[in-house]
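Some structures to go through are shown next.
In what follows, chain A forms one complex with chain B and a second complex with chain C.
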Partner chain A sequence: MPAAYFLPRNELDRLFGALVADGRRIVGPTIADGAVVYDELNSSAELPYGRTADTAPGSYRLRTTGDRRAFDYGVALTSWKRFTHPSLIPLTRAHRDADRIVVESVLEEPPKLAFVGVRACELAALGIQERAMRAGPAGDPDHAARRDAALIVAVECAMATSTCFCTSMASGPEVDHGADLVLSELDDGFVVRVESDAGVPVVASLGLRAAAPDEVERATAQVAAVREVIGDPVAANGLAARLRTALDHPRWSEVAERCLACANCTLVCPTCFCTSVGVASDLDGADASTERSWDSCFSLGFGRVAGDANFRPKVRDRYRQWLTHKFSTWWDQFGSSGCVGCGRCIAWCPVGIDVREELAAIAPVSAPTGPIPWPPSPPEGRAPAALATITPARHVIATVRSVVPETADSVTLRLATNDEAVLDARPGQFVMVELPAFATPPISISRIRPGGLDLTIRSAGPATAALTGLVAGAQVALRGPLGRGWPIDAAIGRDVVIVAGGIGLAPLRPVIEAILGERPRFGAIRLYLGARTPRDRLFVAEMNALAGRADVEVAEIVDRAGPEWLGQVGIVTQLFDQAGWDGSRATAFVCGPERMMQATAVTLAERGVNPTAIWLTLERNMACGVGTCGHCQLGPFFVCRDGPVFSVAELGTAFGREGL
Partner chain B sequence: MATRDLTTVLDATWFAADLTTEATGRLAALGSLADFAEGTIVVREGEVCESLGVVVSGRIALRLRLPGGQDRTILTVHPGDVFGWSAVLPQPIATSTGVAVMPTTAVLFDGNRLKLALAADCDLAAAIYGRLLVSVARRLTATRVQLLDLYRPGNEPW
Partner chain C sequence: MEPPELILPGRRGPRSGTPQRPRIGIVKFASCDGCQLTLLDLEDELLTIADRVDLVEFAEATSRRSAGPFDVLFVEGSISTAEQVQEIARLRAVSHRLVTIGACATAGGIQAIRNWFDPDEVRAAVYPEPTYVESLAQARPVADFVAVDGELRGCPISPGQLREFLVALVTGRRPQLPDEAVCLECKRRGVVCVAVAQGIPCLGPVTRTGCGAICPAYGRGCYGCFGPRESANTTSLARWLSDDRSAADVGRLFAGFTAWSVPFRATIDAYGGPPGQVLPARETDDA
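The block that comes next holds the complex of A and B.
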């Protein structure tokens, strides 16, 4: 088999015909709305022959070249993720009939496609999305199916636009892996390389002659010339580390004054993968469906959680999240940069923000290195193996056996299920809880018992209000258990300090029960409980019973109280900030509002508890629960997947930092 | 109680634990132990605060009068900590009402005598005012956090 073949220009439709004969629809570049886009093609005549694109920050203009080339336009406005990660896909259909509910997946079988005209940088982008969406702990079955169904005909670049910087990101312009076929366009035709088994029969069916040495040389020379033209505009070596130490750079605020937070950059980006799930239902909520759509970390609501808290309320926060994720924390998460240097975000930014310029300003090579805010990569032992079988479309139906009122706005649902994965939950894990027609909140498990589990839920929004209104016999749909739980084994042989604030006691209750179940294996056990008022205390009878034990110390405090309350009033840290115990022998488990956990962590450290032994559970917008939607990111972490339980040492200064 | 015994009592408290032996001895010479039955008002908001107290055992609730006449407990003082710190201010007016919510024992220091002693003894003053500052700062921090009302429904991030 020759190293390369030659396809005459006027025979390009024969290649299209071979792809169609292989049962594929062809997607390639064509012109629409004044730009090159990737869309379904019926023939090679729809390619953008004789057109090129002039790009600059905030500018994209098509221009006629007068030559006959079809692929001299740089990259299209739209990227291939439109076909491997569509902007909208149906996920589930749900039906509720009285108390019974049914939730079923409606994922469609993807079409068999041939992508024609894929650039080297875009191949790299497809690979990056695969690592994020397919190789993740949950794996996105829709993405995997679409990617498997696509045959890739790459075309090496013969020109560069002014916004290209693939050379800096080591993603091009040469195509060296990932394609099935690689074309190099010359004036009179195409040098064709076969790069995969899937490409062999396609080329074989065309009966092409071997490419002549001068044809191969011309192809090689023109892509080499592209590399020279682009140069090396971004100092990528060490960039990830430099960005980590630049989180407080004043440039974030300066660029935020120009940034419109329009999300154009993330929509045209070939690697951005963040999504949200929308719910639609009929008026009585009996029939509902969910759809997954692209979302953007630039959206104001992207980091918002129930209670109207928003972890990235400012444009500055969101721009920093995007840029640091692309060029820094992506390495921690997926082992590569999240940018391939295609330059779309530069050309399609309506105000012309140029990431190359921003990176040079925020993280210049000359920047002094400071302490990194978090460990260079997430700790090991994160995702439970069971996650491999839990996708955003897999649900377990559980039945409410009883409802236990806890406070004026909180109840405990005692759920029954025989699902082995759910029953294998560990303290600190959570489940996504779905009722048809409502958003799906993550709920921490407050008790794990044979045949079921308890969920203690506070009514904070429509979904949790509906859940707290359920009665015995009702059903809910669960996904989980999810996340990493409390490392109880790390406390064996040590004293245990448990600090709970408000409903934060709920995810700690399984810890308490697990430790008391093996009481001799632990040293002193101290429980410090905070609540808003005496009426807002959780599990009062249980805690009173614990307080009566000689081998457990229990102290509680409330923020405010009337004169009838004779217990302690103040903040939870006052229960132990002047205590006499030795913190160096203690492991602490903490849950409550983040501000309360910050104060607690400080006080525990002052008491001598090592930051590696202070464990807390974070809350973010955990929308998918498996690390694929992107909402819950905190620095290098997906809180849903890497946490929600973290040690203070793991989080570093990411913990409590504004706007992350 | 003899001064030597009061020194032992003070040594066991957070307030005096890190003072030098000499300072604790001088402080003990100014104090006296007092027992309060449950419900005893030990200091009253808006009135002259005559004594600084260090709780030895029991609990003092610090309360504010709300518009409408109801009381709200804003803080409790546990063993080792102080109440009545207004007694060492130039204008010793109590900022809250202190109520013993259980049988409570405290070491009391007459405000005027204590101020005179501290004015005459810079080393003792530095030690005592430092401890008082820590205590007041701790309450200020707590008050700030309480103002955030972290546990308010809808204020938690879930």
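The block that comes next holds the complex of A and C.
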């Protein structure tokens, strides 16, 4: 088998025919509305022959070249993710009939496609997005199926546009791996390299002659010339580390004055993968469905959580989130840069913001390197627990056995299920809870018991209001258990301090029960419980019973109270900031509002508790639960997948930092 | 500003029993009726909707009339006369939730362009007998006069968003009405950006989505009929657009159906006022 073959220009349709004979539809470059786009092609005649694109920040113009080349346009507006990670896919179908519900995943059969004209940078992008979508604990099945069903015919670049910088990102212009076939376009035809087993029969069926040495040489020389033209416009070496130390750079505010937060950069980016889920239903909410669509960290709603709090209200926060993720925390999460240097975000920015310029200003080569704000990766031995059984598309129907009123706005649903994966939940894990026609909130597990789970839910919006309004016999659909729970084993042989604020006691109750179940293995156990008012105290009878035990210390405090309250009034840290115990022997588990947890972490540290032994559980906008939708990102973490339980040491300065 | 809570008490979720059908009214002020007629565009589900809600006031479809009370009152049109100022206050008092629909009610509408001009001269230019026209100096959005609980944007409103609103109302969930830019819809649909690829001025980056990106899909720039999105950075967009055109042309781009919305109005003022004969600006508060 020769190293390369030659396909005459006028025989390109024979290649198309061979791909069609392989059962594939062909997707490739064509011209629509003033730009090259990737779309389904019926013949090679639809390729953008003799056209090229002039790009600049905020500008893209097609131009006629006068030659007969088909692939001299740079990259198309839309990336291949349109076909591997479509902008809109159905996710679930649900039905409710009296108390019974059915929720099932909709997984479409992926079309068998051939991608013709994939650039080196785009090939790298396909790999990067694939790693993100398949990163544990459970990959996205739709993405995997679509990617696996595609055959890739790459075309090496013979020209560069002014916005190209693949050379800096080590993603091109040469195509060195990942394609099935690689074409190099010369004036009279194509040098064809076969790079995978799947490519062999396609080329064999064409009966091509071997490429002549001068043809191979011309192909090599032309891509080498492209590398020279692009140069090395972005100082990528050390960029991730420099960005980590630049989180407070004044340039973030300056670029935010220009940035429209319109999300174009993220939607044209070939690696950005963030999505949101929308719900549709009939008027009775009996037949419902969910769809997943592209979303962006530039939209205000992306960082919103229950109660309309928002973690990234400012455009500055959103631009910083995007840029630092792409070039820095992507390394922490997926072991590579999230940028391939295709330049789409530069050309398609409506106000011409040039990421190359912003990087040079925010993280110049001369930038001082200081301590990194968080450890580069989670410490050893803290891999997600008990998640191998989780399939993102699997819904478990559980039945409400009883409803326990807790406070004015919260109840505990006692759920019954015999699903082994759900029953294998660990303290600190959560489940996504779906009712047909409603949004799907993450709810932490407040008790794990034989035959079921308890979920303690506060009514904070319509979806949680619907859940707290359920009665015995009703059903809910669960996805989970999800996330990394409390590391109870780390507290064995040590004192345990548990600090809860309001509904934050719910995810801590399984810890308390697990520790008390093995009481002799732990030292002193101290519970510090805060609530807004006496009426907002959770699990009152249980906590009173604990307070009666000689081997557990329980102290309570409320923010405000009337004369009926005989206990302490104030904030929860007042319960232990003067305590006499030695924190160096203690492991702490903390849950409550984020500001309460920040204050608690400070006070615990003052009492001598090591930051590696202070564990807390964060609230973010967790939607997919498995790290593929992007909503709950916090610095190098996805809270759903890497948390929600973190140690203060792991979070570093990501904890409590505004706008992250 | 975060969207207000629109869920009606007693309508929270599937297990709340069978609540009363909500009493719905649809009324209009200065407007063309196009937005309220959007309800009739929901042809396939019209009978179901009529069964699930009690439509007590809707002059375009029924001769039944009601003075209230209303669980939800949809209000179309801008407030343009002294009489309307009194009527909207009365309606607010008898409505549990008041929802404005369309560019006129939410932003003042196209007629608000007259807000920049001398009202007497505008009247004289339009009507042969201007003495019979009793209008306020300005056409203004409903929210300038009474508290508004929710809004459906657009000129006209989107049937899909109206349906979503009604479904959310009767099922007890939060309506999904995105406040993000039109650009997201263009990119999801695969519409080529007319601004970047053709240099056509487009308000998509500062305009709330919901229309389905109709104009860019037909090769036109967005003219902002859904009004400003959250975080609308009109300053930056206008500055960028002013590189290739006169200040007057930039101001004109924003002077459409939602010209009187705060960010668009500020941009129009910064770029020399709305199109047409520029007359001395009037005091803005005659109401």
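Everything that follows uses one rule, which is that the second predicted complex is superposed on the first by the 645 of 660 C-alpha atoms of A that agree within 3 Å, B and C clash if a C-alpha of one lies under 4 Å from a C-alpha of the other, contacts with A are read in each partner's own complex, and residues count from 1 in each chain.
Everything below uses one rule, namely that contacts are C-beta pairs under 8 Å (C-beta built on N, C-alpha and C of every residue); 3 or more make two chains touch, one makes a residue touch a chain.
These numbers were taken from a predicted model, which means no experiment stands behind them.
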**Message:** Touch test for A:Ala460: chain B only (first), chain C only (second), both, or neither?
**Reply:** first
**Request:** Applying the touch criterion given at the start, work out whether A:Met596 contacts chain B, chain C, both or neither, answering first, second, both or neither.
**Result:** first
**Request:** With the two complexes superposed on chain A, say which partner A:Asn418 touches: chain B (first), chain C (second), both, or neither.
**Result:** neither
**Message:** One more residue to check, A:Asn237. First (chain B), second (chain C), both or neither?
**Reply:** neither
**Request:** Going by the touch definition up top, name the partner, chain B or chain C, that contacts more of chain A.
**Result:** C
**Request:** Could you tell me if A:Asn544 is touching chain B, chain C, both of them or neither one (first, second, both, neither)?
**Result:** neither
**Request:** Across the two complexes, find the residues of chain A that touch chain B and also touch chain C.
**Result:** 308
**Request:** Over in the complex, which chain A residues touch chain B? Could you list them?
**Result:** 305-309, 311, 409, 441-442, 458-460, 501-504, 530-532, 536, 557, 559-563, 565-571, 573-574, 577-578, 592-596, 599, 619-620
**Message:** Taking the touch rule as given, give the residues of chain C at its contact with chain A in the complex, in rising order.
**Reply:** 2, 7, 12-16, 45, 48-49, 52, 164, 166-168, 170-174, 176, 178-181, 183-184, 187-199, 202, 204-206, 219, 230-231, 233, 235-237, 239-240
**Fill in**
Counting only contacts in the complex, chain B reaches chain A at residues 14, 59, 61-63, 70-76, 78, 80-81, 99, 101-102, 138, 141-142, 145-146, 148-158
**Request:** Please give the residue numbers of chain A that touch chain C in the complex, ascending.
**Result:** 32-35, 37, 58-62, 77-78, 82, 87-88, 96, 257-264, 267-268, 278-285, 293-296, 299-301, 308, 315, 347-352, 435-439, 461-463, 465-467, 469-471, 474
